[in-house]
Amino acid sequence: MTMEAELREKIATLTRIFAMRGLLGIHGHISAFDAETGRIYMCPGFAWDKATTQPGDLFVFDLKGNILEGQGRRVPIEWPIHTAIHSRRPEVGAIGHLHSPYATAFAAVNQEFRPVLLQGSMFANGVPIFPERHLITTPDLGERVADVVGGGRAALLRNHGTVIAASNPEELLFVSMILEDTARAAVEAAALGQLDFLEPEDMPANEGARLADRAQAAWKYFATLEARWDRQPPIGSVALG
Amino acid sequence: MTMEAELREKIATLTRIFAMRGLLGIHGHISAFDAETGRIYMCPGFAWDKATTQPGDLFVFDLKGNILEGQGRRVPIEWPIHTAIHSRRPEVGAIGHLHSPYATAFAAVNQEFRPVLLQGSMFANGVPIFPERHLITTPDLGERVADVVGGGRAALLRNHGTVIAASNPEELLFVSMILEDTARAAVEAAALGQLDFLEPEDMPANEGARLADRAQAAWKYFATLEARWDRQPPIGSVALG
Amino acid sequence: MTMEAELREKIATLTRIFAMRGLLGIHGHISAFDAETGRIYMCPGFAWDKATTQPGDLFVFDLKGNILEGQGRRVPIEWPIHTAIHSRRPEVGAIGHLHSPYATAFAAVNQEFRPVLLQGSMFANGVPIFPERHLITTPDLGERVADVVGGGRAALLRNHGTVIAASNPEELLFVSMILEDTARAAVEAAALGQLDFLEPEDMPANEGARLADRAQAAWKYFATLEARWDRQPPIGSVALG
Amino acid sequence: MTMEAELREKIATLTRIFAMRGLLGIHGHISAFDAETGRIYMCPGFAWDKATTQPGDLFVFDLKGNILEGQGRRVPIEWPIHTAIHSRRPEVGAIGHLHSPYATAFAAVNQEFRPVLLQGSMFANGVPIFPERHLITTPDLGERVADVVGGGRAALLRNHGTVIAASNPEELLFVSMILEDTARAAVEAAALGQLDFLEPEDMPANEGARLADRAQAAWKYFATLEARWDRQPPIGSVALG
């Protein structure tokens, strides 16, 4: 398989997995970057039926934000998040802009995310928050988001959602799910008392290696679930998407 | 397709979409208005199986509340909401009276709704609340609700539910879902700290044009989901409906 | 259909509807009473697969708690709730002992239930709470629960669940769902601020007649949903049952 | 059936039931112990598709943590929990390390679990919490967890999850579900006011006998549900797993 075919396949699969888990919402989008060709593969934007996305459905952007393929589909208008981070961090192979409901709850109270579970120890140093109330629709805004993400794995966008920067689609999946699930645990536990947040010293020494290993296993697992998903819409008043 | 056929088709589809998302509850109802003929097309009321509604199932009211078609089905007793607003606002093509659970949570603490997410910026000026504890079963009550809605898109009904006034069924869908989802985010985030509400200056300048565009895309998306819905009832203790 | 056939049919259907909605839990049970014969028809107890209950599966008790039919199935050990109330209130045709999660939340903080939604106006005078921490496994305990229920429609059992006393199975369904859904609204809204409870003067004058009418419509609706239910178990960590 | 065949069958079934209920999460695992042979049967670990686990999929450990069978599958790295407790408590036939979301909420605020429902009376003396923030990946850590569990049925692991020690797989299922569901009730009720916890004197005198009886009935019930489960993945942002 060519690199393009592989990235298209993975972004399409990941788009469907995120749709299954309710992490994209109606507004989110994800991308993978081929550093050799400078091409960014990105799922369509607002109100696209992400649960059925196929490799041929993706947009191709260059690093300046020009659309090379995909005309006629709904443009993911916050593409500057992707171009800004892919431009400055060649080690980042995949980026997600998610409206995952629980991580976004921290963004709705304008608090830095801190983990309350060991599974979230990769975030023991916290997750910064982008403080401006704007959709990220211009290169300037994209640069300022990239400044907040810095060399890290994630940022919250105030009153808005999240950005995840990962080595590859497999890590994008796992990091995103850990962030969301750890946020869910915080929201549910907060009713019981003072949250008991991890401290920076709880960051494992070998976090990167552990992540690479677990991300591959988690990818295989969620791809299996996605393959048997009946693609029924959520019932009742769940998060938009 | 005639205007009547089109409005019937859209209200039936929207009734099913709202049933899928749990936004109507067992008590809610929606309508579309044909300004040329003065006819209001409205889904049946209490305990109607809204998930299977077809165009031929609708009631037809005139602006005085006379039932022109639909006799024998369960009357939506709060029809004065619809007649009052359709009578005074010809630009309103579709109205919903929803018992959507999260927006109604604000009505259960008697607080004006304020958005905590950018997606809800159309409500940055707030959503007024109708302060009387009554079902809206008389023309007088309908008029007073219409006074609170004013020229706006929505109102809460104290201890009761919501009213949404939109240009057409597509916008009724999108506005309703944005209100509910933004309310859901507020309820979930409130456990974490002080909610960080948008301010009036966060209202986008071109909100109306953006809404028209997004509402069309969202309609297509949710109609796709509804078409593949297996119509299974919700399991477990979810909101009534 | 004989009265016995009719009551068996209705209790079996209602058991399945309650299972669908997660209102019985693994511990709850419901009954109907035939005043002419003094026979009580009751669904089996703990861990019975209530989602598939048929008319022939029911226990028959007399008012003294003797088991006339049903030997070999799991006895609903809190039958004294049913015998005590059916003995003293001939107008009560159906009783439920539910572990519905949200109404039970009030019992877990030992607070009288008060409605925050107009749909719950039948409880505008409040719902009393039985203050003893015991399963209701003896006639004496049953009498004391019946004392707390009094002439009313419902009581909470502290740290335990609910009791609903209704004219017939249709009203048992509707009253139970209104209590649970109104409790759900309170739990969700409580994060936003001070709950805005109804007052006794919000009780409608003609509550009984309205209930009888709405209960018939709601029964038809939920029986329709139950008939198309695929009987899949709840997924994820939902209330026990 | 041999003891090995029976234990393999039960652990596979229980793994699927726990997957159905969302109690294992992506990280949890369970085991059964054959005291005669000293063999521990344990489901695979991280990201294994637990919803489809069969008897032949299990690992076999000895009490020193040597893997006797299962090479090539994903090792449950917290096996020292199992070996430590099985080594010192021959009456414990089955152990679970769960990431059940609501019980874990107590571990995220570092509070001892206390029951708010009569169904949780087996925990009326409280559930101790292991205070160290570590995955239990060494025999030393396993011993310290076993110290906290002591002769009891359960412990919380701070910022992490739970450990349940039961006589057999049937009791492991029931005890785990009671702990989780009682925790769920506490999380939901906490919004309404001060939780009304049971006291030690609310522990029934014959708790052990009652548990044995109810666990068998609950096992039959949940195995019936599992057998008809369509194995669809959870939709939306639910607990990881």
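For clarity, chains are labelled A, B, C and D in written order, and residue numbers in each chain start from 1.
Throughout what follows, contacts are C-beta pairs under 8 Å (C-beta built on N, C-alpha and C of every residue); 3 or more make two chains touch, one makes a residue touch a chain.
Here the structure is a predicted model, which is why all the values come from computation and not from measurement.
Note on connectivity: the fewest steps through touching chains from chain B to chain C is 1.
In this structure chain A contacts its sequence twin chain B using mostly different residue numbers, the overlap staying below half.
With centres computed as the average of Cα coordinates, no chain lies farther from chain C than A.
Distance from the chain A centre to the chain C centre is 45 Å, each centre being the mean of its Cα atoms. Centre-to-centre spacing of chain C and chain D amounts to 32 Å, using the average Cα coordinate of each chain. For chain C, residues touching at least two other chains, in rising order: 101-102, 186, 188, 190-191, 230, 232-234, 239. Taken as a graph of touching chains, this assembly is arranged as a ring, one closed cycle with exactly two partners per chain. Contacts between chains, counted with the stated touch criterion, involve the pairs A-B, A-D, B-C, C-D.
The residues of chain A lying in touch with chain D in their complex are 20-23, 100-102, 115-119, 177-178, 180-181, 184-186, 188-196, 198, 202, 214, 217-218, 220-221, 224-226, 228-230, 232-234, 238-239. Interface of chain D with chain A (complex): residues 26-27, 46-49, 74, 99, 101-102, 104-106, 108-111, 133-135, 158-160, 186-188, 190-191, 230-237, 239-240.
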